[in-house]
């Protein structure tokens, strides 16, 4: 069994954003040389997500508004977590809806995706360096 | 390490439904011959889910109503995604709550489940052919 | 390829709680002897979650209140599932938000986590014995 590991780093210049990381993950898979196996991509931070969906900007605005409705950023005093001095109490909740990780199948050296599946990094507390882990196992 | 791959196809005759696919996935596992490993089941479409829960019709109605409250189908104009000409903006949000994929343990040739765990396909934008990927790796 | 399996049992003395199980999972990983691979931790019950987040009590109170707002326990009559005689209709919905499982990378014999990542058992229908599965595969 082969294994491969890489960290992808991001420094998003605003609080929230969705970034398409599909081609970066494809590069990792190519580097790994793995033909058949499973690929894990996870946020290493608790205020960020990795998820799979469509690369469509209207949809991303829908997600942004929907998540803001479900877990508003303000007033920051509504979250007990923010009594620690943070202002990211909403980010942990938003990330729970969008998920920490995706697991994808690797088949014949490629990610085994449907036609619209793309991998996104979801940032909910940006303005600093954060990272995503790519781990691949297989043969 | 062995690997196995199969697509399961569905054509749900209405917009939304939950379909128990446990026995179809068990058949895949038997075909694979894998005794110890991990099994991934994921929707290959961004408007559908694969999730694990109880095979209880009242619960499924609860899910249906709850998801419709969190991300209503109508008015379709509430979603920017629908400006592309689609009417499935709600489906991408519902699928995010219910999840894209499940990963299950394979132990002694069977899915290693608790007593009530069953695998479901959640359709949120049906009336067309769509598919689920089953990928199993192990020995 | 090696594989390892263990059940962790819990008997939470109230309906809902979040329990940090990171050190128990680390003990499993050490017992497995696996250096490189993937680690799955999943609730074996449909009214409980396994998720990764921060070990911060204010955040856990935020989760508790937020989930109670999204899927209130009472009135129990609001859930069709409870017509079966259960009173845990809310628990299946809460668990869907928090997730059934986590998949973590194993690198050099340790869980490959960011600085704040900890694994939690989320109980939404306690007062009885329930369990979590740990399955690890790799070399």
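For clarity, chains are labelled A, B and C in written order, and residue numbers in each chain start from 1.
Operating definition for what follows: a contact is a pair of C-beta atoms (placed from the backbone, for glycine too) under 8 Å apart; a residue touches a chain by one contact, two chains touch by 3 or more.
Bear in mind that the values here come from a model prediction, so they are computed numbers and not experimental data.
Superposition on CA atoms relates subunit A and subunit B by a rotation of 120 degrees, given as a multiple of 5. Mostly differing positions are employed by subunit B and subunit C in their mutual contact, as under half of the interface residue numbers are shared between these two copies. Here the spacing of subunit B and subunit C, counted between their Cα centres, is 20 Å. Within subunit C, the positions touching two or more other chains are listed as 1, 38, 70, 97, 99, 103, 137.
The residues of subunit B lying in touch with subunit A in their complex are 1, 3, 5, 38, 40, 42-46, 70-71, 79-84, 89, 92-93, 96-97, 99-101, 103, 131, 133, 135, 137.
Within the complex, the subunit A residues that touch subunit B are 1, 36-38, 51-54, 56, 58-59, 61-63, 66, 70, 97-99, 102-105, 107, 112-114, 116-117, 137-139.
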